[in-house]
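Going in written order, the chains are labelled A, B, C and D, and every chain counts its residues from 1.
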Amino acid sequence: MLEQLAKWARTRSPWVFHINASSCNGCDIELVASLTPRYDIERFGAVLVPSPRHADVLIVTGTVNAQTKEPLKRVYQQLPEPKHVIAIGACAATGGVFKGCYNVGQGIQDVIPVDMFIPGCPPRPEAIMYGVLKLLGEVE
Amino acid sequence: MSENILEQIAKIANETNSKVVTLRKGETVVEVDKDNLRPLITRLVQDLKLRLLTTITGLDLGQEIGIMYHFSHERETIHVRTKVAKTSTAPSIVSIIPGAILYEMEVHDMFGTGFEGNPWNDKKLLLPDSWPSDLPPPLLKSSKPAEIRKRLHLEAEPKQ
Amino acid sequence: MTSDADKRREESAGLMEYSAENLVPFGPIHPSLKEPEYFKIILEGERIVDVIPRIGYVHRGLEKAAEMRPWVQNMYMFERTCGICSFVHSLCYGQAVEGLTIFQVPKRAEYIRLIICEMERIHSHLLWVGLMGHWAGFDTLFMWVWQDREVVLDLVEAISGNRVHKSMNAFCGVRRDMPEGMEKHIVERMKFMTDRARYYREIIDTEETMLERTHKVGAHVTQDTVEKLCAVGPMARYVGLRQDVRLNNPYAAYGEVPFEIVTRTEGDVQALLRLRLDEIIASANMISYAVENLPEGPIKVKIPPVIPAGEHSSRCEAPRGEIFYYVKSTGGRTPDRVKSRQPTLANLPLALEILKGQTLADVPVVLTAIDPCFGCMDRMSFLDTEKNKQWTWSGEQLRQYGINYYFPDRKDKA
Amino acid sequence: MILEILEAIIFPGALYTIGMGFLFDWLDRKTSARMQGRIGPMIAGPYGTLQPLADFLKLLFKEEIIPSHADKLVFLFAPALFFMAPILSMLFIPIISPSSIAGFQFDILAILFLLGFSAFVVSILSFSSASSFTTVATGRLVLQYVSYEIPLVLSIIAAALCSRSLSVEGVVGAQTRIWNVFLAPIAFCVFIVAMMAELEKAPFDIPSAKTEIVGGWLTEFSGRALAFLKLTKEVSYVFGCALAVSLFLGGPLGPILNFGVPVSVLYFIYFTVKILGVGFVIFVLKTSLTRIKIGQATQLFWKILTPLSLCQILLILILIQGGLIVAT
């Protein structure tokens, strides 16, 4: 029964921590736009939390360049245990339009394990919310 | 107004024995060698009130590094170009135009030409901290991106 | 950071002495920064003594990649240097390349370019005003302003098909035409935008707590320091400098469309807020004028993929300041050298100047004041919420720290 | 004796307060969402009412990370101490009858001690997590505590003076005819503003400023500690409103209409309605004001609110000499 309760609680309040691993901030403003009245991700209990300690879902945007590789790992370690990672945008998935640049990696999955990719450059706020909810569905 | 700008530039140019090349209507290039770069720029800033240094561009011209200082005046864009040998240093103009500090750091990062007199000369501006010191600066024609990525461990690690 | 300061702090690894060396890592993964930039802030109590920037965290090596890609592909890569001012980047790069060819941009395309440029300015300024409210702690303003911003984004999407990266630009023209019957719709929306901008102007000037956070903050900046540090765009106009590329060196259709420059003189964060809201009103008027007398004619001229040899530079007015592109071609299919300079890099020295002497609470407010678009400027940061002292570590030290943090007993240097 | 303990734990005591804490948090998120044109949480329970409960349960099941440099002992036990303060002080508030469960003669002083104690525990807690963000947060927290403490105490003294007694029951009992808010309106406003500072609500959420110092003093906590810290913030919010209601708005007292309902239920309804009213006022203020700087906060409290509450007390003393307020 306890497991039931935990699952119910986890799917109802996914606290999100956003990290910008060298992104062009197109995806970031679409993620922040999903907080605004027109899309309002808070309907599903998602809240942008200030510190990685409080978060369950780590949302990463941007190609990971050499400088952000280590901080990204460090922040991933700081998230408490039942954690998920969502990579937003083409850059986070494969390096996007910057694939081949000398300072850019192959995307997020080389650095940290990723649960969910949201394609698009940048994905619309509805797509980001759909991705978060789909992740919760999987947790269910 | 723009006519007398060109005459003034021509007058300043021949005093500091540099060559004026007009590219097209809105752009003029003043070629000057390394030594009297600073006097030319001080004259430009004081006499013509060319206060806005837009940026400093580095060019890889085979053996030499071309450094272009772009000044934007109303309708004119004035470029000052000098040539510096590949590993040698260029005079810094931070004392004349303090705003040039970041641009010089960028050229130092990308092309490796040091600027004497720039307080933050040894600090990196754009390159990652984990940039190995023996790797050549990236924007030189000789450095290949794939090889840089390997040194920065950015290649896809085999799946554990 | 001098090395002996590190050593001194190494010994006193215990509790934090609350003296001058209270160093707060502001960024990189900081909730208040939508983009990463890292400023090591030396505090004395709450007052800021010194700020050391460390940028380079979003550096992707665009200019090197541009030298290996054909001309047209670069257009869509440079568009993605920054998510907020993406159209201006592609426009500036396009104009620099068009200067090398002998073709002329058709009139209608120039008007469409101007319309999208001004819409992007409105959405970028609204975004900034909202974020300013959010970072000052006034979330309601953030929500309202971003709700109104959706109106402009809908218009942009109707014209170009995408909200953020428009991909509307091509060499010597525009890729898609303005859909018919949009004129009335756009003019009506622009009127709505002007009323909302006036409403927010009134909030900014009267709301008591907001006034306390922005009035006289960073006001110790004189016109001379701004000129000496070569600041551009709103960061120059808010101390009274008449510096605007649309006025001094009109590109696209800015020559024909009436444009009145907006400048303030107070030189504090509140002046920046007022300036940007006035610019929204000016942009809205320009759009309605341009939409009403949009000339007929073709929207694109086909040009060969090989650009003749030569070098050309172009300047445009992005929402944050003057963008500069320099292109050098040796007549091949790929450019020989492309140099782009973004406005935030020009405004950073001035921002550091303003920060000195402020209190920590002002840091987010002042940092947003320069409206940093770090997608352009390659900056990132490094957050460490465990150890109380923080200084710039190289990647090696960082990895080492991570190891002995999680495996303290393991002493070998993994 | 068993009934006493049961009452203390179940109904007007701990469980009721925690339930009201969750209700207040839901109401807070809903009203601030509505004022911003949003809808607010909707999926946990009908209209999202169970959202705070979902947050709390989720945090209970999360892993707890204790930073290597933090002081382990304080880090584990301080949240419990912090949680105990508002629960204990709720026992002095009369809810279902004019007399409270654990009320004694000078319990207003006990409440003041508990308020001070919770601020003290928070500063110890945040200093122990030893990260540069929390250190700055501690400095701000103590500075803010020092600044709002004086007006808070003065306004409580004003209320106590109006009803000539130092126990909450006495104050409530004296308000049968007219509520203290009409005798000491300025003290009521000063109390509300000082209580907002104590609860770190919007204009004064400086110690936990999300955008300046990461999470404020909450940065280092995760899992169970964070769950209890958040719950304590909500419960102390309920206690703040309860104190305001019982000191100024006559606690559970209200017009006794005999439509066959036992009196204690009537008292309970009045009390809850009044708490929600005061809470709603604070929500609206919270959403429509910007966070001010710590310097301005101290100036506001010392330069404006303290003299205000002093002249309020002067006014009451004059009224008492003039014989207007008859000692009950």
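Assume a contact is a pair of C-beta atoms (placed from the backbone, for glycine too) under 8 Å apart; a residue touches a chain by one contact, two chains touch by 3 or more.
Fair warning: this is a prediction, and the values are worked out from it, not measured in the lab.
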{"item": "Higher-contact pair (C-beta pairs counted), A-D versus A-B", "value": "A-D"}
{"item": "Inter-chain centre distance, chain A versus chain D - centres from mean C-alpha coordinates, in Å", "value": "36"}
{"item": "Gap in Å, rounded to a whole number, between the CA centres of chain B and chain A", "value": "39"}
{"item": "Geometric centre distance via CA averages, chain D-chain C, whole Å", "value": "42"}
{"item": "Distance between chain centroids, defined by C-alpha means - chain B, chain D (Å)", "value": "61"}
{"item": "In chain D, residues with contacts to at least two other chains", "value": "36-38, 210-211, 214-215, 219-220"}
{"item": "Residues within chain B bordering two or more other chains", "value": "127-130, 138, 145"}
{"item": "Residues within chain A bordering two or more other chains", "value": "36-37, 49-51, 53, 65-67, 69-70, 78, 100-104"}
{"item": "Graph class of chain-chain contacts, one of line, ring, star, complete, other", "value": "other"}
{"item": "Interfacial residue positions of chain C with respect to chain D in the complex", "value": "13, 15-16, 18, 22-25, 30-32, 43, 45-46, 133-140, 143-144, 147, 207, 209-210, 212-213, 359-364, 383-390, 405, 408"}
{"item": "Chain B-facing residues of chain C, complex", "value": "55-56, 59, 61, 63-65, 68, 99, 227-232, 243, 248-249, 310-313, 315, 322, 324, 326, 328, 337, 339, 341, 345-346, 348-349, 378, 392-396"}
{"item": "Chain A residues within the chain C interface of the complex", "value": "19-30, 32-33, 35-38, 48-53, 62-63, 65-71, 73-75, 77-78, 96-98, 100-104, 121-122, 124"}
{"item": "Interfacial residue positions of chain C with respect to chain A in the complex", "value": "28-29, 31, 33-36, 56-62, 64-65, 68, 76-77, 80-84, 86, 127, 142-143, 146-147, 150, 163-165, 373-375, 378, 380-386, 395, 398-399, 402, 406"}
{"item": "Sites on chain B touched by chain A in the complex", "value": "127-131, 138, 143, 145, 148-149, 152-157"}
